[in-house]
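As written, the chain order gives the labels A, B, C and D, with residue 1 at the start of each chain.
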Amino acid sequence: MKRRGRGIACMWYPIGFTVAANPSAAVVKINEDGTATLLTGTVETGQGSLTILAQIVAEELGIATDDVHVVSADTDTTPMDTGAIASRTTYVTGNAARLAAEKAKGILFEVAAPLLQVKADQLEVCDRKIQVKGFPQRHIDIGDVADRARGVNGQPPIGSATFNPATVALDPETGQGKPFATYVYATQIAEVDVDDETGEVEVLRIVASHDCGTPINPMLVEGQVEGGISMGVGFALEEEILFDASGRQVNSNLTNYIMPTSLDMPEVVVEIVDSYDPTGPFGAKGVGEPTCVSTAAAILNAIHDAVGVRVTSLPATAEKVYAGIKAKRAQEAKQITAG
Amino acid sequence: MRAFDVFTAKDSRHAVALLAEHAATSKVKVLAGGTDLLADLKFASASHAPDVVVDISRIEDLRSIAVTGDGLSIGALVTHTEIMRSPLIRDMFPAMVNAAHTIGAVQTRNLGTLGGNLVTAVPSVDSGPTLVALDALVTVLGPAGRRQMPLAEFFVGPRKTALKPDELLLEILIPTTSLGKPTCFLKFGLRKGQALALVNVAASFWVDRARNAFVAPRIALGAVAPKVVHASTAEAYLEGRAIAPEAMVEAGRLAVGDAKPISDFRASAEYRRDLVAVLTRRALEGAYELAKAKQSEK
Amino acid sequence: MTKVTLNVNGETRTASVPPEMTLLRLLREEFGLTGAKLGCDVGDCGACTVIVDGKTVNSCLMLAPQADGRDVLTVEGLATMERLHPIQKAFEEKGSLQCGFCGPGVIMSAKALLDENPDPSVLEIRDALAGNLCRCTGYSKMIEAIQDVARGDNRQPVGESA
Amino acid sequence: MEKKPAAVVEREARVETRDVVEMLRAPAAAPLVPLPLEVLVPEARQQTPAVRQRATRPDCRLHGLGQTKYIDDMYLPGMLYAKIKRAGIASARILSVDTKEAEAMPGVVAVITGRDVPVNSFGPSLKDQPVLADERVFHAGDGVAAVAAVTEQIAAEAIEKIKVEYEPIRPVLDPFESLKLETPGLHAPNPNIYGHKVIKKGDVAKGFAESYRIFEGSYRTQMVEHVPLEPHASIATWDPNGRLTIYSTLGRITLGRADISRTLGVPMSRIRIIATIVGGNFGGKNEITTEPVVALLAKKSGRPVKCTFTRPEEFASSTTRHPLVMDYKTGVSREGRILARQIRLVLDGGAYCSWSETTLGKACILSAGPYQIDNLYAEAFVVYTNKTMTGAMRGFGAPQVCFAYESQMDDIATALNIDPLEIRMLNALKEGSLSPTSQKLHSVVVRETLLQAAQRFGWNGNGARS
């Protein structure tokens, strides 16, 4: 018989390295037509980080995502970056990119200020224009300013910046200190069916609520959460590298290392919670790793809710769940006899 | 993959001739769908790799699905996808469709053939239990001509069949006596997509309507013995017995005794035994549901 | 060496190859069509999926000589000079691909599915993609994109939409 | 059997009679691939402000067209293919490596062993990992030699002809055996416990004394592979100024360059690393693997050299997620508030340190869960074993400890008959809460995520069971 259960799990997760410096540098070049190029040493490994960085630079410059081209991952041409690790790209590289864009923008403001007859600090960007704060009708096209910066002022608008998360070393005795600049939080709830005659677990639905600060790109955040959950489902129920007695792997292929296929994935519902981190670029934190953290815990709690079995070692294969069910029945039978 | 020569057979006789020609001097493998063979050869050691591959994938005379005077004949090169889509098979043996559906994924089912699946003869062969439960026969062709044998005897052991090096599997025949026999196939794997069976079971029986009793019950178990086996004790117990839930439970219990599972990295023998009991009972229930549905259709 | 002649994306192509060469290597190494990927080389991951005579296959599990005389469609054969294929457009708009390595295979599986079944259920889509492993996306946005195409939300090619 | 397939005879003849250069097979001229060179840009990419837009990815368009060039899709003129010989034994001393037969094979251009690596050690914190094992094998996936040949097929056959003589050493596979003092140090003089971390806050003894009930549990997790769909790959090519360019699947090029510079003994200014688009990382591509090998083979052969992992190598010769054994003891008040928690974590680090230090630290700090706990003692150890090396993997220990703390949280809720949502709301960190390291936290939204998820799920608060 199939038994339904639900389980909840929440988590917290930091952005960046533990105390250790993990800086990013960035260079933003505003082209003569008001579009921009970002140089970053980070690597696109699938998350969409280059698009996120383009959005951050675009936001800072008041232009559109498509106006920003990103050059990445070449040690000859791009500045130092700690890399695609530790859920740090949006926050750390994003801060560096925003600061670099801000510096380049400062050059444009210097050029635009006399034209608009105000001081540079009275200017802002909006919709590909540089305008006077409070007087949006007084504006100049950003492309015109950029071209003038080069051709008249002889000062091409290029900015470079670095960012390193603020941390405080941990006390070696007590571990007290500030290991990370910021953290994200999340809750996932799983609904499962457990076949009480075989131990087979079917994950029906996972609802996930994640904090990433400001979602720079909600679509890409959802993609991270959905993907992280699939990794979490595998971690919970299926995946394990196994060794023989001599220490050699016995399932080092995708036939026998069981990871979720499309048929094994539940319906996934993603919510992004309202959140803003003043230390992040436009309030953003990060989302890569945390997405797979609470899935297994939620599923295991749902299994417990369904059949009353607490599996304490992962993965909770059908065999383990069934062994738990059998043991529980034997225990109950004993109690009945004893009673 | 190591180098080998490929000879393409035009028809089944040509294939047998090619096998006869090369088997004496070379290590020869037959290529049908290739989904098992090529996967095996990719990382094969020198001692295991063939020198010659006889490609039978272009043979046209082994692709038909037809009812003949002897029963339902399925050519060895019929793919799993073709089985799933055959109206004839869908109608007569939904269990075969279900079994085919559990093999690999779309890509493998499009290439993989019924004959290839059977010849591979892994203990968990997903095409095996349903056909064994239906008392299927196989026809093979060799230099001396054709011979026929029950599929249950064609399977000899893990990755071993009764096929001689110069013989070719031609067709699978489900005898007239089994046509339309209510059958249910169930497979238990470690995931839903692209799963290998920890246990697979097929159950099949006719219903004596007057007595509502089991007639000619067959239960075939896969992945729990060196080859697909009949759960003979359970079959004997059910023969002529009134159909009742308790009888199905008992048959499941007895089937466990007919299984000789091993423990491996996928599952323990103990768990496989428990699964045999559950799946056997459920397969009997499933076959009975089918029998009742067929009855009400009439 | 064996001579093989096949139709690839509508063009007749010929190559002389070792008989044990797979269709995947033929496409990638001889024809320079690197859309189909080598992810596992044994038919588990589906990154090498192409369509042969209307059916998806793992091109790592087919010998090049077996493809002789057949029609092969690869991911490179879907778009035109003017526009993306509707599935490609939907995948882009939904953000269905992350690292993208499984993408060409997934898109070919989706194409074969929609060719045969223009209005698939979610379960049918999941079944059609079960041979294409993806580690990034959890498959969700792929399934949504395929539903979009089936519903006709994306019938209109990118190059022509207003 | 003696008889060689005609195809082999034919090809060997070709290789023997021709100059190797002639054997190099540049791909035939690429066929016309229709590409929409100008398609409309989706609206979200053109909007201002840019942030919060569901902007599409230009790289996603290339992926969908099959036009993204991953490393394995790249070919440089004259390129050779490398394969790495794997030890296949978990623990041994290498007595000898005989590469003569492989070197003599037609089509083989260069062969190297661990002794050819200028500085044969690297690692993000401890430099305990060799590029190719030279004296000692620490796990079965260790490389011991590598071959560059004109085809991948020849390279694969050549590594089978390399003969390695081993003196087997009994492998240590269980982290608890490794922990024991009498177990010989695997990486002597380094101790088997190569990382240790403590987080101490408040007074756990006092907290337990004040507790209404104390719960104890032990939890274990497994070794997991990242399974990027794209296997690790790299191509190395040198120019006549002694400059090395490596195209690589690395996710961290600047730190990767440091490791390559160190192992090759080449200044960083002479190394260029280009990481096009990586086909999945998840932490598994944060360290060099094939890069120094292809660089050395390219130098020896004077040709560009590519190496792509097979899927089995992906499992056995790259990092994995740390298995953990986690002991939790938690004291709670009658209302379910956590008053004290004591945790011990043992991480199985496998053969090499890799990112264990980071994993150890994060696991230890995060092990308390997103809860306000005034009295906490968490201690973590990481030990060597002769299994596949562990390293960075999505979550750095967090998925493991979350499984433990959230499993125990539900057990506490069940025992006290409190709804699982309620007990979490009661204990959750809040704005300004002090973390286990006494960091004052900001932008804390644990409770908001709990409520949002519960509402969307339809959690109706009747989770308490007696």
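Observations, loosely collected:
As a working rule, a residue touches a chain if its C-beta (ideal position, glycine included) is under 8 Å from a C-beta of that chain, and two chains touch if they have at least 3 such contacts.
Note that this is a predicted model, so its numbers are computed, not measured.
Among the remaining chains, those touching chain A and also chain C are B, D. Counting C-beta pairs in contact, the chain pair with the highest total is A-D.
Annotation: 47 Å between the Cα-based centres of chain A and chain B. Our note on geometry: chain B versus chain D, Cα centroid distance of 41 Å, whole angstroms.
Put simply, the C-alpha centre of chain C and that of chain D have 29 angstrom between them. Centre-to-centre separation of chain A and chain D, using mean CA positions: 18 Å. Residue positions 45-46, 48, 219-220, 228, 231, 251, 253-255, 259-263 of chain A are each in touch with at least two other chains.
For chain D, residues that reach two or more other chains under the stated contact definition are 7, 11, 54, 56-57, 59-60, 227, 277-282, 310-312. In chain C, the residues touching two or more other chains are 18-20, 40-42, 44-45, 95, 98-100, 126-127, 130-136. Taken together, the touching pairs cover every possible pairing of the chains. Looking at the complex, you find that chain C touches chain B at residues 2, 18-20, 22, 41-44, 46, 49, 55-58, 60-63, 65-66, 109, 112, 126-128, 130-132. By the touch rule above, chain D contacts chain A in their complex via residues 41, 44-60, 88-91, 139-141, 171, 173, 197-201, 217-225, 227, 250-257, 268, 271-283, 285-286, 311-312, 315-316, 320-321, 358, 361-362, 364-366, 369-370, 378, 386-388, 392, 394-396, 398-399, 402-403, 405-407, 410-411, 414, 420-421, 424, 428-429, 435-439, 441-446, 448-450, 452-454, 456-457, 459, 463. Those residues of chain B lying in contact with chain C across their complex are 1-6, 8, 31, 34-35, 38-39, 41-43, 53, 55, 57-58, 81, 104-108, 110-111, 192-194. Those residues of chain A lying in contact with chain D across their complex are 6-14, 17-20, 41, 43-46, 48, 50-51, 54-56, 58-59, 62-66, 73-76, 80-86, 126-128, 168, 170, 173-180, 182-183, 185-189, 191, 205, 207-211, 213-220, 228, 231-232, 234-235, 239-241, 243, 246-249, 251-254, 257, 259, 269, 271, 273-279, 282, 285, 288-290, 292-298, 300-301, 304-305, 310, 312-315. Residues of chain C touching chain D in their complex: 1, 8-9, 11, 13, 15, 18-20, 28-42, 44-45, 47, 74-76, 78-84, 87-88, 91-93, 95-104, 107, 133-136, 158-159, 161.
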